[in-house]
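Across the two complexes that follow, chain A remains constant while its partner is chain B and subsequently chain C.
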Partner chain A sequence: MADPRIIIVGAGPAGTRAAEACVQAGIRPIVLDEGRRDGGQIYRRQPDNFTRPYAKLYGTEAPRAQALHETFDGLKDRIDYRAETLVWNIADGHVRTATRTMESALPFDALLLCTGATDRLMPVKGWQFAGAYSLGGAQVALKSQAVSIGHKVVFMGSGPLLYLVASQYVQAGADVVAVLDTAPYSARIKALPDLLAVPSVLWNGVALTLALKRAGVMVRNSVKPLEILGNVEDGLSGIRFRVGAGAEQTIACDAVAMGHHLRPETQLADLARCAFAFDPVTRQWLPERDGDGRSSVAGVYLAGDGAKILGARSAEASGRLTALAALGDLGLPVDKGEMASLRGDVGTYAKFARGLATAFPWPAEQAGALPDEAILCRCEGVTAGDLRAVMRETGAKEANRAKAFSRVGMGRCQGRYCGLAAAELIAAQADIPVEQVGRLRGQAPVKPLNISIGDTDA
Partner chain B sequence: MSAASDVIIVGGGLMGSSAALFLRGHGLSVTLLETDLIGRQASGTNFGNVRRQGRPIHQLPLANRAIDIWRRSRELLGADVEYLQSGHIRVCYRERPELVGSMEEYADKARAEGLDLELLSGNALRDKFPFFGADVLAGSYSATDGHANPRLAAPAFARAAERLGAVIHEHTKIVDAQKIGEDFVVSAADGRTFRAPILLVTAGAWGNALSSQFGEPVPIVPRGPNMSVTEPVPYAILPAVGVMTPVEEETVYFRQVARGNIVLGGSTRGPSFPDQYRAYVEPQNTVSQLKHIRRLAPALGKLNIIRVWSGIEGYLPDSQPVMGPSATTSGLYYAFGFSGSGFQIGPGVGETMAEIIAQGATDIPIAPYTIGRFAKG
Partner chain C sequence: MSRFVRLGETDRPSLTLHVDGAPIAALEGDTLMVALLSQGAALRQSEFGPERRAGFCLMGACQDCWVWTESGDRLRACSTLAAPGQRILTSQPEASWPTHA
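Here is the complex of A and B:
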């Protein structure tokens, strides 16, 4: 029998460890990645001509980043690695890829989706102004190009990334004006039992907060963001907010990095026709999988933050575990004891992730409270009021229906950045649970695809 | 106890929704039953061409009736369905010069039916439409055709019908229809029943399931349109554009909406699955569509598509719909199987079916669409 054809999508922590497991089993997998270099988002590698040391780039996670990169470098001759390659569709047992204008159909026996995450964003009035970034975007600017998103930067939202990126900016010498956390401090106390599942990461988080305060950065909890001030010509100029039930405050800044933890990139699982289920803890629709990463579709496996946000360490464990599950399903010998141990590791990280969800809750009520004039969908310029008016006129209260009538989520991001907030707004307006609003159906292409695709002369 | 009305319509696409509106205009009470949501399949996912040219000559009276409705859609519906009477151009390639003759012949016949077409070639064509590629030989331009937004149209007709008193039940899957005495009794999967002396089937790809219950099966095949849309770019292309060719793969078309996005359609249609209520775009069909779009308008090759979609359409072997009274059962009427060409004529179909039902006759020629053409023996 010919070697089984294994395709891994993503070269971050989950994809790298999955590829490693395949190579150890004597298989040469195809590894497809959109990035110019491996590492994914959290362990993003700097461009070749940059020489910043690991400790400066990755802080407390430097040893893990270095180990992961070295593993990938060691695999390169034994895998079919295709960088800058977009998987734009999946059908009939084939992955469809685009590398610039080159198009390929790659058959697979097992497909491992290690697609990672993007920021989960809650719109704030004014978030369309130049100078408003996601936390992930702010981090990419720093890691990849060693630049800050502005001269005076505010970090607003919640979640571990809020503190991590803020502290990375402080370390890099940027002027961090404030960290505005929407979560109440009490939530963190409530989450402690779960967070203690991984004490070292918890301690890293505490240390980050302390370092920010030592650096003189204003840190506020229980923040209610009201408005990002600014105008179309000059970009943003400040933030208007409240702390708890306190008086309105305004601080001046020229950039804001915002986000509420992360959301998995599940579009490929959707195109592969995997079943999804609503997760009440994170209020997100997630692809279903068993404890080893098998999706509802035979031959399609899900690992890392692309399936559920459990963090980079968990991604390494679940990447390997899922690859072992796939190899076992293909009839290759796998170490059952190691799989059991990896399942235990993933379980521990899952407990920690539940703690994070408790400590940094998604402020769903903020969507319902968006003023009518606030832009909800930035791609299409649809305001909260536009969506509410469409709902009143048409009675639409299902996510895809509301999209069809209002254009919310119809733009180039396909609702990846506004879809969760739009669903919360619809739920609030219709007074129904958010799971009844449903989820936006994913459509190819996952990212914009050039019309010259497949043109051999282009 | 079943809910009773003068007319039951099964199928809430553009045909059923517009028929409901016009039946209310005739004073008949109407119950419209839809499996899912109004206008979600063929009616909501098609290209949005409001095009008369290229239709069979015998269909032009129906298409003319429809264009009148599209023109007054804003007042009629109290909603903007993004109808733009911005023209339609149909072109042929250099390798098929014989099609220019077909265009001329068609234009002569169409003129007699009130549709004026202008034939363009060479510099006249390129001055007016500079985006065409070098392979394009000639075109037939209809200034009074255009396009509209399919996602909005059928729901707007349904809301207008509802305001006039039509009763609409979405999420109502019909599993059985029978004539008992003078009335049709229509049963939903959840056990609800509906009763009326007149039944109109506008169930698209699902139409055969009902016509078969009255001894009139039709060889309908479900397929799905192959649609894509680009990111928005400055609004510059006014007409809807299409290719005239005998080769299905070459049959592509595009239009730019006022928002700026360019909607692309055509090349090979995909499979669709009425039982699962899903249709998928085959990746190979997207690749083939983009290739032929580049040939038609090379500059579009610089743009990106941001989304593809499909829906469930019902195709009949002669590409013509079933439209008119049943051949077996009095009080039963059909309008389905529009074979990927129903959007423009949709409102005209609704108005014509309402006229047939309310008045017993119409001046619109519908003989080519009789269901009897599929009868055995």
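Here is the complex of A and C:
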């Protein structure tokens, strides 16, 4: 029999460890990533002519980053790695890829989706102004370009990345004005039992908050963001918010990094027709998979944060585990004992992730409370009031119907940044549980293509 | 006024590109976004509202950072490297639309 054709999408921690397992089994997988370099999000690599050492770039995670990069570098001759290659569809048993100039359709026996995550956003009135960035984007600016997103930066939202990125900014010499966390401090206490599943990461988190306070950064909990102030020409000029039931406050700044933890990039799993289920803890729809990463579709496997947000360490473990499952399904010998131990590791990280979801809850109620004039869809400037009007006029209460009528979720980001909040707004307005609103379906191409390539497919 | 602030890695060779016809200096390894926002407050005008835009996600997901080459190719400023001699437009060049006549 010819060697099985294994395709891995994503060269982050999950994809790298999956590729390594394939190579160890004597298989040469195809590894596709739209990025210029391997590493994925957390271990994103800087351009070749940058000189910051690992410790400066990755802090406590420097040894892991270095180990992962060295593993990938060592694999390069034994895998078919295609950088700057977007996977834009999965159809008829083929992975459809596009570079700037070329399109291909690749057949596969096993497809491992290791697509990672993007920021989960809750819109705030004024977030369309220049100077508002996603939290992950703020980190990318620093990690891969050594710049700060502004002269005076506020971090607003919730989640472990809020504190991490804020402290990375402080360490790099940026002017961080405040960290405004929507989560109440009490939520963290409630989450402690789960967070203790991985004490070292919990401790890193505590240390970050302490370092921020020591650096004199204003840190507030139970924040209710009210408005991002600014004007259409110069962009952002400040933040208006409340702490708990307290009085309104305004802080001057020219940049805000905003986000509420992460959401998995599940469009490709959707296009591959994987079944999804609602996860009540994170209030997100996630692709179903068994304990080893098998999706509901034979031959399609899911690993890392692209399937569920469990963090970088889990991504390495689940990448390897899922590859072993695929290799086993293809009839190759695999170490069952190792698989059992990897399953145990992923279970531990899942407990920790549940703790994070409790400690930094998604403020669903903020979506329902958005004023009518607030922009919900940043791509096309659709407001919360526009969506409410569409619901009143058409009776639409299902995500895809409301999208068709209002265009919320139809813009260039395809609902990545407004979709979850739009679902919460619809649920609040219709007074139904958010799972009844359903989920926005992934659509090909998962990102806009060059016009010439789009044309050949039409 | 600049939007982005350089915090290090400034010891790189510089290069010159043109934005809307005017020369600007950047450093080798800069993305177009960093090149433009190190000297200006925004990248482009929103097509759907009155405000100027300066990108959002920096990871190729939001498409809020589109700029164009003079021949009409669309680029994501956050994921395209600045290169010497590049000629960038911050609004879509109308003339470049293929005429199917």
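Criterion: the second predicted complex is superposed on the first by the 453 of 458 C-alpha atoms of A that agree within 3 Å, B and C clash if a C-alpha of one lies under 4 Å from a C-alpha of the other, contacts with A are read in each partner's own complex, and residues count from 1 in each chain.
Heads up, the rule we're going with is that a contact is a pair of C-beta atoms (placed from the backbone, for glycine too) under 8 Å apart; a residue touches a chain by one contact, two chains touch by 3 or more.
From a predicted model like this one, the values you see are computed outputs, not experimental measurements.
Applying the stated contact rule after C-alpha superposition, one finds that A:Pro448 touches each of chain B and chain C.
Of the two partner chains, neither chain B nor chain C is touched by A:Thr97. When the shared chain is aligned, chain C comes close enough to touch A:Gly235, but chain B does not.
Shared-chain residue A:Thr282: touches no atom of chain B or chain C. Residue by residue along chain A, chain B and chain C are tallied for touches, and C comes out ahead. In the superposition on chain A, contact of A:Ala172 is made with chain C only, not with chain B.
Once the two complexes are laid over each other on the shared chain, residue contacts for A:Ala146 go to chain C alone; chain B is not touched. Contacts of A:Thr383 after superposition on the shared chain: neither chain B nor chain C is touched.
Contacts of A:Ala404 after superposition on the shared chain: chain B is touched, whereas chain C is not. Once the two complexes are laid over each other on the shared chain, residue contacts for A:Arg412 go to chain B and to chain C alike. Under the contact criterion defined above, the residues of chain A that touch both chain B in one complex and chain C in the other are 380, 412, 448, 450-451.
Chain A contributes residues 34-36, 41, 46-52, 118-119, 128-134, 136-138, 140-142, 145-151, 172-174, 232-235, 254-255, 375, 378-381, 412-413, 416-417, 447-448, 450-451 to its touches with chain C in the complex. Residue ranges on chain A touching chain B, taken from their complex, read 88-89, 91-92, 94, 96, 103, 105, 380, 393-394, 398, 401, 404-405, 407, 410-412, 414, 443-445, 448-455, 458. Contact residues of chain C toward chain A in the complex are 1, 3-9, 11-12, 28-31, 34, 38, 41-43, 46, 48-64, 73-74, 78-79, 81.
Looking at the complex, you find that chain B touches chain A at residues 37, 44, 79, 151-152, 155, 159, 230-231, 259, 280-284, 286-287, 290-291, 293-294, 300-309.
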